[in-house]
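Next come two complexes, and both contain chain A; in the first it sits with chain B, in the second with chain C.
Let's look at the complex of A and B:
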């Protein structure tokens, strides 16, 4: 039992698998983005090189800042994403629960945003403080439609919060994305996830032309490597979560594996396309977009789900 | 009179009376002794339940599992908060504070122990009076008007309590444990509404919450942690729980209506908290917002949500009093509680910051802290309830659920602002010499933070098993089966392992140096400082929130202001009518006679 959990957590589908796949997904992202701009793009292992290079660089701590929080935030962020990856992965691949259900996962993902805020606010840099503030606003913006969208699979699977029940429902009744409520909820969730990863057009906290790097401005060396790694790990956690909630799961056997990889690539490419075809939106525009347009849409999906459509 | 329940009330009462005449050095000592003795007595109740005490044929003191839960936390919190009060009380108001403190413990204990309508009313009213007393100890320029407002809302709600108890009395046998009173009759409905008003006013539920933020700002900070954050919540939710579990025969529509009021309380409280510039007012609005979760849990009718609601009540008292006290420590060192003025104090007050951080994460519902566990139970319960309801009700409940979960995100946002404004960001030069709070203060806040962590990790084994589940079982609302998949200790263990792994990687590869913050090549000066209070400007300036906030600023939604406007408006009309002209009075008499004749038929 314990060895199984530790293997799940450290190797597959936890830290090692998520980190490696995340770095490779990051390469896909960079390569596809480069093709969008008629560039060649980086070689396959560029992201690995970047992260390892950062591990050898210097860390600068701010004299008057809150040092322990500054150091702890990226490491805790790494731990949170490892947990999220393990819980989603074990449910998706093996049908096991890793001490979590959907609500726990949603709150853990919220905690990740908190860590960005705490890490960003700890050095006292004006840009990182502003970036931290924007990170919270972005969280507020995307959280409402995200909750509503996540509620659709919950309602459809008989008001159950555990991943197993959601997958079991889809195994019996087909993928949720094939139903009206599921399709609408998937689109909303995809856009919310884009914001949760702070990818364009929602890279509001980092906003390099305004805030240089936002919450990460004072980070360098190994700590920045962890933030970068976290960013890559999210490219695994969120698409897998969407596959779990809306695309019927991921079978590791036979053709199921190929089908699963295709689902993952489809979602990844959708994210990359949205990223590459939209300029950054203003904070108020993002909030209005999520609250005034996507939330009512997601609510309609919930109503449809209650009606069983 | 040898019943130990009498002692639980009489002991603090005696301490209060003695404190009127004792020299200053002995007052605190006596309170500590009294509180410890009370704590030991209450602990004894867990092993051997004391027999009911009757007087003139009526049961006047009785202890069931719900009152034991409330009583236990009245004593636990009183003791911890008093540790904070040992050093640092405002010298000018110390004596009345030290009289009111044990008095409040006595009255609150009496209210939860007395099932008899008359006795309950007396203790409830007296605890409201003690609250007014604390409000009067405030020293700001608005303290007097805040005290008046508190007295009018909380005291005014006592009038509803009297009416409610009188209307329900015949059917319930003049006992809170009697009933159930049917809501089929108008008298029953009226009684229910009246008692609901009393419970909401005490606990700070919408729309009777407006005294809480004002009291939190103007009264001594220790009393804000003691009453609106802890004891008044216990009392208000205690009454609501009694109403929902036995005192009234509550149907699904009424449950949904109360759950909706709970949801409104969550959202309105937190939306107001987000825009506050005063730390204590911000915490006060959160004290309101959190009640919403308890109301939702207790009123929904689901066993799991009910237990979750009671658990949230306990959890809220812990982290909310911890937050008030942590801010109190900051305020006593930095000299202000205005968020725009503070900032960057985490470095100089690390222990206080850590306790505030734990409490903030707990109130925001971050796993594995205690606030998450109770919210998670409530959400699961609401979902379970929705699955058993008709589609219309199910959708209604789901919307409440979504708003409650979203309320958590808003709470988180508000606390990020709070932490940033007080402890993070750039520190002002003038706070360079600020020192950590005295040991008694961080001991109190630290204990509360530890309890937040402990109750989160050992939720099933300690708080739920000892306090909550017995009360839920007694109310006939024991959750069936396991509580769900969430395993806080496993999560913490894995989190810890990954964190340590990260730390090892950082430790092996790090090359560190320290430097200043540079902006455009120059060392960042204080002019660049971002307080964080304006983090949510986009939201406050967005339609329709802009208009709503503007009206809220003008106190358009404040029931106290509305009430006073209505009262003054009415008296103004009456004033105008009394012009002193004889002819007008003759007309009044004629009109009255005519009206009487018409009504008399």
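Let's look at the complex of A and C:
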């Protein structure tokens, strides 16, 4: 039992699997973005090289500010995302969910954003504090539609919060994205996920043209490597979560594997396309977009789900 | 260290230090980063924060006013970090050699590893310099 938990957390589908797949997904992201700009793009193992290089560099701690928070934030973020990846992955592949349900996962994902805020605010750099402040605003903006959209599978599967019930419902009744409420909720969730990953057009906290690197500006060396790894791991956790909630799961046997990989690539490429075709929005536009348009839409999806459509 | 140096050579993140240039070299550096030359093929990426940098691209004669700042930028970068002097300015002072506020011993301010000649150098010349740096790293 313990051995299984350790294996789940450290190897598959936890740290090793998520990190390797995330780095490869990051390569897909960079390559597709490069093709969008008529470039060739980086080689396959570029992200591995980047992370290994960062791990071997000097760690610089800022004299002002809170050092413990500065060091703890990326490491805790890594732990939180590994935990999230373990719960989503075990639910998706083995139906175990590592003892967690949707609520715990929501907390973990929100906690990761809070860690970015803490890490960004700790060095006392003006730019990184601004980035941290923007991260708070973005979290406020995207959390409501994201939760509402995630409620739709819960309602449809008979008000059950555990992943197994959602998957079982979809196994019996077909993918949720094929129904009206599921499709609407999927679109909302996809956009909210884009904001949760702070990818363009919602890269407001990082905004390299004005805030340089946002919350990560003072990070260098191994600590930055962990932040980068976290960002790549999010490219695995969030698409898997969307597959789990809306696209009917991931079967590891036979053709199901191929079908699952296709689903994953499709969601990943959708995210990349949204990323590459939209310029950054302002903070107030983003909040207005999420609160005025997406939240009512998500609410309508929940109502539809209650009606059973 | 060989293994690590090869990783480093494949992922050089550059940071642009503008140390009182005439601005022409900066424009050429931006040219270098456009899709036409696509240096991301070699893992080279422009970063905005010096804490993320592996290579400092220094343009311009370092004058008295920016010298302390350039020094500070170098100290803020996590080591190992390499310094590439872009253009004739950091190499020899160019036409500002005898100016009243040009720092005469630039090597004391910041230790250059590679120089790129030209006023301004073509992007190809800069790629050549980076390739030399990569060659040194690969041993």
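Worth a mention:
Keep this in mind: the second predicted complex is superposed on the first by the 309 of 309 C-alpha atoms of A that agree within 3 Å, B and C clash if a C-alpha of one lies under 4 Å from a C-alpha of the other, contacts with A are read in each partner's own complex, and residues count from 1 in each chain.
Keep this in mind: a contact is a pair of C-beta atoms (placed from the backbone, for glycine too) under 8 Å apart; a residue touches a chain by one contact, two chains touch by 3 or more.
This is a predicted model, so every value here is computed, not measured.
The superposition on chain A brings chain B alongside chain C with room for both.
Of the two partner chains, chain C is the only one that A:40 touches; chain B does not reach it. Contacts of A:83 after superposition on the shared chain: chain B is touched, whereas chain C is not. In the superposition on chain A, contact of A:58 is made with both chain B and chain C.
When the two complexes are overlaid on their common chain A, residue A:293 makes contact with neither chain B nor chain C.
Once the two complexes are overlaid on the shared chain, A:7 sits clear of chain B and of chain C alike.
Touch criterion met: A:49 reaches chain C, while chain B stays clear of it. Contact with chain B, but none with chain C, is seen for A:132 once the two complexes are overlaid on the shared chain.
Touched residues of chain A were counted for both chain B and chain C, and B has more of them. Contact with chain C, but none with chain B, is seen for A:213 once the two complexes are overlaid on the shared chain. In the superposition on chain A, A:71 contacts chain B only, with no contact to chain C. Remark: least CA distance from chain B to chain C after fitting both complexes onto chain A is 5 Å. The interface of chain A with chain B overlaps its interface with chain C at residues 56-60, 218, 221. Listed in rising order, the residues of chain A touching chain B in the complex are 5-6, 9-10, 15, 55-66, 68-69, 71-72, 74-76, 78-80, 82-83, 86, 97-101, 103-104, 106-108, 110-111, 114, 117-118, 121-127, 129-130, 132-133, 136-137, 139-140, 143-144, 147-148, 151, 154-155, 158-162, 218, 221-223, 226, 283-284, 287-288, 299, 302-303, 306-307.
If you check the complex, the residues on chain B that touch chain A are 344, 346-347, 350, 353, 357, 361, 364-367, 372, 376, 379-380, 383-384, 386-387, 391, 394-395, 398-399, 401-402, 405-406, 408-410, 412-413, 416-417, 419-420, 423-427, 484-488, 490-491, 494-499, 501-503, 505-506, 509-517, 519, 524, 528-530, 532, 535-536, 538-539, 541-542. If you check the complex, the residues on chain C that touch chain A are 4, 7-8, 10-11, 35, 38, 40-41, 43, 47-49, 51-52, 54, 76-80.
Partner chain C is touched in their complex by these residues of chain A: 30, 34, 37-43, 46, 49-50, 52-53, 56-60, 208, 212-213, 216-221, 224.
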